[in-house]
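Report on one structure; see the data block that follows.
Labels run A, B, C and D following the written order; every chain starts at residue 1.
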Amino acid sequence: MKKLRIGLIGAGRIGKLHGENLANSVAEADLAAVADPLMNEEIRAWAADLGIASCYEDAQKIIEDPEIDAVFICSSTNTHADLIKQAASAGKHIFCEKPIDTDLAKIREALDAAESAGVKLQVGFVRRFDHNHKAVRDTVAAGTLGAPHIVKVTSRDPDHQPMEYIATSGGIFMDMTIHDFDMVRYLAGSEVTEVTAYGAALSGAGYDEYNDIDTAIVMMKFENGALGVIDNSRAAHYGYDQRTEVHCDRGCVQVANDLNNTAMISSADGVSVAKPTWFFLERYNDAFIAEAKAFAQAVLNDTPVPVTGFDGLQPVKIAMAANLSLEENRPVRLSEIEA
Amino acid sequence: MKKLRIGLIGAGRIGKLHGENLANSVAEADLAAVADPLMNEEIRAWAADLGIASCYEDAQKIIEDPEIDAVFICSSTNTHADLIKQAASAGKHIFCEKPIDTDLAKIREALDAAESAGVKLQVGFVRRFDHNHKAVRDTVAAGTLGAPHIVKVTSRDPDHQPMEYIATSGGIFMDMTIHDFDMVRYLAGSEVTEVTAYGAALSGAGYDEYNDIDTAIVMMKFENGALGVIDNSRAAHYGYDQRTEVHCDRGCVQVANDLNNTAMISSADGVSVAKPTWFFLERYNDAFIAEAKAFAQAVLNDTPVPVTGFDGLQPVKIAMAANLSLEENRPVRLSEIEA
Amino acid sequence: MKKLRIGLIGAGRIGKLHGENLANSVAEADLAAVADPLMNEEIRAWAADLGIASCYEDAQKIIEDPEIDAVFICSSTNTHADLIKQAASAGKHIFCEKPIDTDLAKIREALDAAESAGVKLQVGFVRRFDHNHKAVRDTVAAGTLGAPHIVKVTSRDPDHQPMEYIATSGGIFMDMTIHDFDMVRYLAGSEVTEVTAYGAALSGAGYDEYNDIDTAIVMMKFENGALGVIDNSRAAHYGYDQRTEVHCDRGCVQVANDLNNTAMISSADGVSVAKPTWFFLERYNDAFIAEAKAFAQAVLNDTPVPVTGFDGLQPVKIAMAANLSLEENRPVRLSEIEA
Amino acid sequence: MKKLRIGLIGAGRIGKLHGENLANSVAEADLAAVADPLMNEEIRAWAADLGIASCYEDAQKIIEDPEIDAVFICSSTNTHADLIKQAASAGKHIFCEKPIDTDLAKIREALDAAESAGVKLQVGFVRRFDHNHKAVRDTVAAGTLGAPHIVKVTSRDPDHQPMEYIATSGGIFMDMTIHDFDMVRYLAGSEVTEVTAYGAALSGAGYDEYNDIDTAIVMMKFENGALGVIDNSRAAHYGYDQRTEVHCDRGCVQVANDLNNTAMISSADGVSVAKPTWFFLERYNDAFIAEAKAFAQAVLNDTPVPVTGFDGLQPVKIAMAANLSLEENRPVRLSEIEA
């Protein structure tokens, strides 16, 4: 089998996750190199264990390597756009973790660079590869239920992030809801045209000190006429609550959470069942593998990537609109975000 | 057992439903009379079968009967407020179907009349007596999950009403969502302070010809800080979709639909389960009985009714705010509706 | 509507249950009289409340009453066979609670009497009218899944009966499993030809003192080639566990328990759901009504009753075979029970 | 991390499955060599892809290699016992696929050899490592529900094996139910003392031509007093039906199947949900990894293996007893199998 030779840029939590999947579970990939500005013995040992031949501090070593076909950009967000431009210039295909950037102009420059260079660019909205959400999307797309009318996403993290993280996260809509903004576009098969956001800091964990919120509901309108709603909490406590639903003209498709197991324990004290899986490492583990395989196959077969640069741009715009809506307590059209 | 002697005013669909429950399933009640301006042989036979002693065309016969303790007002909406005032004057306790009226001033007059007369007035928000929604409410009220953060209601009718009905229904918010506006107050244990409504006519059934919609999402804020959302459809097609959920500070309680049975049929062709119960007669049958028993017991024991006149007033105000929000595409404070 | 005039014989727990259903919820029935050898003020008040015109000590008063069309025999088991014979002689149609008797010869005499008299005889296996088990049966009978291969019944009572009851109950197979023996015939659509029974007294509640057991598994073979298994416990503790399943040539149909509600409560402590309904009054309430309606309709329309005298005989024979199997620790053919 | 150097013996379907898990997903293992009498280019390429250094035709090369710590025996069943003896003599720790053999004397010799040599021997009953069945076992073992009373296993393969396979399979009890015989011991925490087996060839696929059956129910008694039952089908058609349940003195724990996803699709046509996962590759994938990790950890930490040689012996004896029971249509004590 012809394999895609891949260089990994960034060996933090998400970089290592992708690296292990590429090395162990993606038969189409050959993970040849890893670069991280904080390269150290621990990363070198990790790389050796996975059979990665080369370790660098400087990502340019990967970008300049003629043996490398593609890069996985898993470095900090503020480096994504520049790395995309450099990799594109060097003719590398690109997988980039979300978000590309939080500045629309920078995102557009990166997208233009990839397009001009004729390289593929896939953005890391992993939930599209989850067996549950994909079943919802596939059902809607099949059309047997008719046009979508109501798109619903419940997305709650299991527990609070550290407040130091919150301080620089960019706010709930850009940091957390951005996945849901991608999801509603994916499920509706249509673009968001307007949002109204309600939010509050209800947990007492201190989000308001950072002008942030821990609880949100966002309504939206889509080009195809459908309406949508997302509800978020930073701390569900019972696990990772990831439910989606689309009500269509002739019926409804909805998914429940994946649970740790299917056990039901019944006694005089009551009946208990298992909790949902705890967080994205448990819930989206298989989706991360499917995502990487899909990228490798798109490059090897020269077919379109399943999540495009445009798909990376739109949720950022929706998050900006949601921020403005929350600030001014009014519906905000996506067209207001263009300037 | 001392029984409450009841006169039924109105023998249409909902009146007959209450009449049969009072006669057959509410041991605390003695259904003594029925009045309907269209009194005929069919109603007389129905009454005879239930052991109802007296049949009248004129509701005044019931109101003036010294043997009658209480009335069930199940006549057309535009007669509710006047009948409440008359029954109150005659010292009858009152159960009145929702809505009391669609005019706030008339509702207030009726409420004042009942209060002045010192009679009990219960309004027919039957869903509060449903085993599922009550379990949500009881869990929230118990406080073990902490304060409510997100209140969610999905409420979809099984199929379109005739367009002649829609023409005079008062619109989706006043006709259908009004039950959900009561439900969110009940679940949150707090008053709605603001709503934003999105709506559309997507089914092609002709709601737009009556300036009405068939699909809606309404967000709301509560006095206690919680946020809420309702989604509605006039035609779910698979049955009566009645789900509620409250996410609280330390966890979540949610209910699924009641199904026709628990059968699961598995074959190479797939796995099927039973549909939800079709509509309110199937889904809320037990709740209607519980509602009537609760009224009878409140009167007999002189305890507070579980759904007050004020509970009848508030959802009308929220529906008015939702209408204004939809019309002007902006958040509307409940305080704007007072004037 | 023409109504069936019914006399109720026996006003104990099950008699009152049928009486209330006939009076309140079976429009085809007119409950005209009740007889109980222990007739007293409490029963008379109960009857008055239901509008029952006549109360007797002596069941013969009902049997001799030319105005009575049919009797409900709800007296103690040892009176059933004689009452059937007397009622049949008087030309009354008969609903008889299970079991008809525990003596095969007496059962046959009763069946012969009803047949000779040309009256209808329905036996009270109420579970056939349950929405869940009926869905299993209907699916099997429809034939789309092919011939039945494996028939499974789980049947566990919520808690121990008093030991005084156990002392004279006739043993678990005749007292409790007899319902399941009827159920497997109903589901398989075929007769049991052989059983092997395993049993034990494991609860420590004292069943072994009465030569009885509290836990049982019974395997069986059917005429149509299918195999079956029933598992029983006298004390499930979490509620009434009533599950059935048939695996067929091309797939499987199974039902879960009815629960008190559909609530799911999730928190860091775990996820809990509602318990099954507690016992037969809650679980089979609607089935008792459907059973009585089915009898009334069969008589009024002169169509076959859904549960025949033969259906009353067979489970007694299976219970006898199971007792013999347990005693001798060997498979027992039903043909051994004929003598 | 210190790693266990492993040699894989047998590169058929199950050998490759273990090989890929050891190479990719068991951090504690270093898969150093593979041997297969049919070694060819396809296996060499597979091995190269996984980074396996050495490929042999002769398993002795692995057994004699002083660098190898442990072997995975995945060759044909008739070679297991000899390979265990040889590997034990060479001081290798041993993971052996089930069954060790179908001859009790040979199994005992192999077990003795491993014990004498002081090497660890783990047998491949992978289902013990499944998240669902493990949850049942853990709940029972925790003791909060009290002693087990009823142990139930439903185990149905998705579809028929080729009849050539059936011809030499050893029969359903030795080939398929053997997993369930292990499971009931695991769940009950007690030894089987007696079985009664019912079986039939109902599918029309031709099992009877090989004196085999496609449908079975087996009842059993346990040393601790509990009763048990297994039901089997060779062809469920809807997927791999793998459910277990233990009813205990104070309650019940049960597990449902893993489904392909949690989607529920509702329309006027009905409500459908996803099928169970198709077969063991999908259902027990994670369990195979957990099994291999458990073996590696037991060796590295010198702790007891979770599935012993004795655990490999007992199910073979139970299968023999079931065969005898089916043949003679009588209960068979395990003690009869000793001779």
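Basically, a contact is a pair of C-beta atoms (placed from the backbone, for glycine too) under 8 Å apart; a residue touches a chain by one contact, two chains touch by 3 or more.
Keep in mind it's a predicted model, so treat the numbers as computed, not measured.
J.: Higher C-beta contact count, A-C or A-D?
T.: More C-beta contacts join the chains of A-D.
J.: Tell me, please, which chain's centre (mean of its C-alpha atoms) is farthest from the centre of chain C?
T.: It is A.
J.: Return the distance between the CA-based centres of chain A and chain B, expressed in whole Å.
T.: 42
J.: Could you put a whole-Å number on the gap between the CA centroids of chain A and chain D?
T.: Once rounded, the distance between the two centres reads 39 Å.
J.: Calculate how many whole Å lie between the centre of chain A and the centre of chain C, each centre taken as the average of the chain's C-alpha atoms.
T.: 57
J.: If I count partner chains per residue in chain D, which residues reach a count of at least 2?
T.: 236-238, 250-252, 264, 266-268, 274, in rising order.
J.: Can you list the chain A residues touching chain D in their complex?
T.: Spelled out, the residues of chain A in touch with chain D are 23-25, 27, 49, 51, 131-132, 134-136, 139, 144-145, 250-258, 260-269, 274.
J.: Give the list of chain D residues in touch with chain B in this complex.
T.: So the residues of chain D touching chain B come out as 236-239, 264, 266-268, 270-276.
J.: Help me check something: in the complex, which residues belonging to chain B touch chain A?
T.: Listed in rising order, the residues are 147, 149-150, 152, 156, 196, 198-200, 202-204, 215-217, 219, 221, 225-229, 231, 233, 236-238, 241, 247, 249-252, 329-331.
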